[in-house]
């Protein structure tokens, strides 16, 4: 708990709880400056993780029809069309009729596998756990669909699957227990099963331009620093690392990003803080409130029976 | 926020301080069971305390009836919770682990203790057997009561929903007061007027505290708290204020004399407290739905940090 | 002592016994998670393949278990694609076993208003007859050809298939053989 | 990709070839310039270091501008141009340039609407008898190898490039008017954008640096598509970027084996290996055929060995010297028996039976209505596909059934739907866009009635032969004597694809697998199904199936699969060395002459005779490859040079010149001749054309329209609209418009719009975006309307077919339709339904055509332009 009250760069239950079985912390570095918005990551993820198709709604939000991360979308490519130059000293388009040049930002979003993960902290069943790779995974055999992790995530990554259960997963035919929908919460596992077999996650493997890079987090951070330096030298407009810093409100992301504009432009919170950062303070406060309630009830007895 | 300035998606992108106005954090997936559980859990917890003090001062009727009310509420509560689960058949997974970082985990154990204790005591009371065990159970129930009544405030505060998380100082107090008010009101209904003095005073006093706390909370929340003025949270808030205020006034003015007035006043307070839980509950959804509540405070925080 | 064993696996106990007091790590790991294996490691065999969509020619690995395709992903050995795939290539399995895939011959008689069933062999027989008839009815001996039959398609097919199409059609005097290269 | 500058034009590479695009991104990261020139700002533009927006269909103006820039500023690669191209060659003095004849080159016959190329010849060379009749309908990139050139080296050239009639000077005069201002006013891009592109290309070419072009159907699908590619050839030859690492012109093709289906053609006009089909009006026997088609020099000089080996592969022992190797069995073609010709024949009831395998013309072909009406006139139709595509369902589910124009009760077409196998259910090879044959192995058995095309055509052939075996008819001899024996395996008797590729690769008289095409003989002792593929099965090893990982080889990865010809990865790579055989520079070396070993060597297989020294000069009577000099790298051309000026092989001029698309809102800024005079136009009533330019009625269809693909779908959608994971990514047909156009036409983002041409109207959801740029042309702001063309009435996601709006005007060389630039109107709201749809389209069209009748335009090249 103290570890949570003061976030540090290392997750609370990794690597120590795994002893010899602990592996280097693995993660993603998603470099949006080379993302071509092809959505191979979305499809490769769905193929590998057997995620159901979840609707065909045309949004008109540029080429994004998946809209957000959720129970059935573990990689989501955001598309942002802007009248802003891609580089600060020209480049891009300078056509007569356009006052400003265009740029089209694309970003493959994913679970951040936070160092201090709100979803993991609040999960009452231990369905969510920190793996030997330092990643955060929902265990589909444990999750009871309490839904607490859903609002706990500062990024809105997790969601409950409302699609019907699979045939081999029939509900009990009892009142209250007879729910027909899947009802569990799902999110990116960083391909936990593939990692165990020594394979790279499906999205990173498919990514045509290596926008999604997978590897030990330490290495990725180094690589990202170099990349940022290069882009800044090349005067890329708005280039910044997001979630790389172990001192941020979630202790840094296990899956972090290089963005070309402010995080909120991509639908990401600008300064996320894990809600459980305040959990000690909250428990103290709760204890006082509880005690106050005792006193208050006792006070009601002052003044006699009627 | 993102107005289609000249009707083009590009103009949207240029001005975007959110992603097409889409939410950043997910709305909770909790169903109506949850605000009702907040109410019944609070009722159970506060009734246990009320019962204990009534026993201590020898108010037998009040003691017996609050014991039964508490026990009944302790049965209703878990049923509501199980019903809300996506996988009700896995309800027992709540007891797989004990996590201090998870108010829901802690709350599950508290509920288990509270429910077992209050129902053991109630059963023994009805059977008139094993008095020492009953007294012990009553003691446990009284101890578990205040945490049961207040933890739910912390449960929702320990999320990334701005209007909940930012109210983490007030919520356990608000929920504790609301619980006390509910327990008082329920007892004021159930107990003849001349033995219901403490219950009435509790209902009146806690109602006033509840209304005051909510006001304080909304003011302190400022921009983020404006959801309490809008939509469902606003309506429920107004209903809550009206009912609680009218009920408390009725109890104060006529509750001592007229059983009918006590029943009416108590009912109004109960209704007001249910409405309060709904107001807070819906405020969370509204807060999640509009990305401004995530982005604006975080941006300010980021800017302040420099 | 089964019950004791079960109890000793209770994450709550493991949490405090095995040094995971917060219950965030290994204590919370289920047996299933502990023993998880990627299904590609369980495949009976792996076929080396090529993506059927565009002409970049990305290499694919097709994993098979019990006679069913369980996964299709990029083949890292390819100097062209280095294991990568686009969304279409990545959806190859979804295309292969998609919900609208047809598995039976369908027949529509002239002026018919619905599909009818037909065996594959009968269909082949009927098509052979149609070709023979159309050819006989409209044969241009001077140019050794028939203009009453045409064949379309080939760019999505294998070289060997294109070869048999061109060879057979030429043998039959069918000259109107075309494909997507024109489109 | 070792390029220093990559110009992507006529291609949306990031979207349509994402995995290939990784190499462009790597080049960009290494510091290469990546330029995208396109009517739309696409995902490719977003990745480019420079985007220049142009009006759809004006690429030749842009490219011509670059040619002019190179020539005006002395930026050409002098040594390369003088040695490796036909720049010094002097052209017949009767040649008249289009610049001097208002848009028509010399040789135009206004009656036949065709060119004769007599005046385009090299000075002093007699055009052969057939030269006036260039190879018919050849695929782009393989036409005009010089079959008509007479023997030997060009007799007259001027090494100083000063002779007024040398190719270089003609070029210079021809492109003189393609100034930056002309480019800007025609294409609608800024002068700065144009100059940036031109300068970057020049900067990044020469000894030390190379630039590449990448194109796709954005260039081919025009009424002057071949000339667009030719324009890039001219630039690349002038800059010395052909045959060198990081140089070249890369065609990005759209289907897994579209290259293979051209090499081993399921095309009417050629036989495997780009051998001409027999025409109704030529070659009466094999000897004549060989004479007409053989080039004096280069590898086309050995055509006799290719054709005889092919005939041996097909008719085996029946093909003997005495019977001309069954040459007579080959059917003859007309000038045009191409797809759209067939469709028009079908429409008139002249085609009885149609087999469609893995193609969806009801959605994928231009003017969908014509295609579907044509299907309704058939006696029988076989559709082979994975899913029930629109072509199979046309008789009950089509816009024509909706309008009441067709109904099942009135359609006499008998339809067989045959479920096909996927690529994982069969063995076989695809030839990719870099000419690489790659084998895919069967992973699982096909289920139920699903079968491969190999199975279908093999067993169909078997059945036909069985049924005809008693026949004494002359017409049945070719099919009965056809070599049709392939081993089969398994319960379904699947023929062996390996046996087929072995036959394609070829064998000698002893049955030994052939190693290379130079071993082919014209005496009947070798057989080979496709000479350019000869050697893919050398040593009885299926070399297409080689899968040696790239990390175990150098970057050319010669042991991964097999490239034609002879596993060469870069064609004409002799040009990567200077005339003396030394690499132009250390940085760009690939293949060079090793003076000690007396042979060509390098990191790629040399695409040149291994032991021919750089200073080799052929004797006057040398033939075939021997007639090519040691310093002439273009070994498929009769003269071994890269052609800046094309004396033969093209139907519409020896040099690219600027024409407007068949339908466009503008006059040609250069000539009275507005559009390509040689373009093919259809004559059927069902294919009317919008009035154009300043004709009355043109304002009914005032906008430029272009069609295209999206990453998330594939062509006519048969493989993707039926696939859940792809359908959810692009779940609806939409139209992209600029905010100005949206305002002008009252279109609302996210709502519906109706797009209409003289052919049809479709509806689509409106996506308002600045990516769809308006252009200022001739002082007038014109909007462009963008339509993806994947949708149809069936599948998981359905919507209007953009191709229903297209017309059937074609490129004269390759008969490819113009999908990339035409005109349309757009209106808010959904399209009328049922019979009202036909009424809506017709009344608008009638209004337009009646208006045009008042003042129809006349062009020099024809009596009527449209």
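For reference, chains read A, B, C and D in written order, and residue numbers begin at 1 within each chain.
Basically, a contact is a pair of C-beta atoms (placed from the backbone, for glycine too) under 8 Å apart; a residue touches a chain by one contact, two chains touch by 3 or more.
Everything quoted here is computed from the prediction, not taken from an experiment.
Chemist: Which neighbours do subunit A and subunit B have in common?
Modeler: Chains in contact with subunit A as well as subunit B: C, D.
Chemist: Between A-D and C-D, which chain pair is linked by more C-beta pairs in contact?
Modeler: Output for the comparison: C-D.
Chemist: Can you name the chain whose C-alpha mean lies closest to the mean of all the C-alpha atoms?
Modeler: C
Chemist: Distance between subunit A and subunit D based on Cα centroids, please, to the nearest Å.
Modeler: Chain centroid spacing, subunit A to subunit D, equals 46 Å.
Chemist: Distance from the CA centroid of subunit C to that of subunit D, rounded to the nearest Å?
Modeler: Measuring from centre to centre gives 27 Å for this pair.
Chemist: Round to the nearest whole Å and give the separation of the Cα centres of subunit A and subunit C.
Modeler: A distance of 33 Å separates the two centres.
Chemist: What is the distance in Å between the mean C-alpha positions of subunit B and subunit D?
Modeler: 71
Chemist: Do you know which subunit C residues sit against two or more other chains?
Modeler: 11, 22-24, 27-28, 72, 84-87, 89-91, 94 - these are the residues of subunit C that touch more than one other chain.
Chemist: Can you list the subunit D residues in contact with two or more other chains?
Modeler: Expected reply: 18-19, 22, 711-712, 724-726, 729, 749, 767, 769-771, 796.
Chemist: Would you please write down the residue numbers of subunit A that are in contact with two or more other chains?
Modeler: Each of 1, 38-40, 42-43, 46-47, 60, 62, 81, 83, 102, 105, 121, 126-127, 142, 208 in subunit A touches at least two other chains.
Chemist: Report the topology of the inter-chain touch graph, choosing from line, ring, star, complete and other.
Modeler: complete
Chemist: Per the contact definition, I'd like the list of subunit D residues that touch subunit B in the complex.
Modeler: The touching residues are 738-739, 742-743, 748-749, 767-771.
Chemist: What does subunit C use to touch subunit B in their complex?
Modeler: On the subunit C side, the touching residues are 10-12, 15, 22-24, 27-28.
Chemist: Note which residues of subunit A are touching subunit C in the complex, please.
Modeler: Residues 1, 11-14, 16-18, 21, 38-40, 42-44, 46-48, 120-121, 126-132, 137, 139, 141-142, 191-194, 196-197, 199, 202, 205-208 of subunit A touch subunit C in their complex.
Chemist: How about subunit B: which of its residues touch subunit D in the complex?
Modeler: Spelled out, the residues of subunit B in touch with subunit D are 4, 6-11.
Chemist: What part of subunit B is in contact with subunit A in the complex they form?
Modeler: Interface residues on subunit B, with respect to subunit A: 8-14, 16-20, 22-30, 46, 49-50, 53-54, 57, 59, 62, 79, 82-91, 93-94, 96-97, 99-105, 108, 146-147, 149-151, 153-161, 164-165, 168-169, 172-173, 176-177, 179-180, 183-184, 193-199, 201-202, 205-206, 209, 256, 284, 288, 291, 294-295, 298-299, 301-302, 305.
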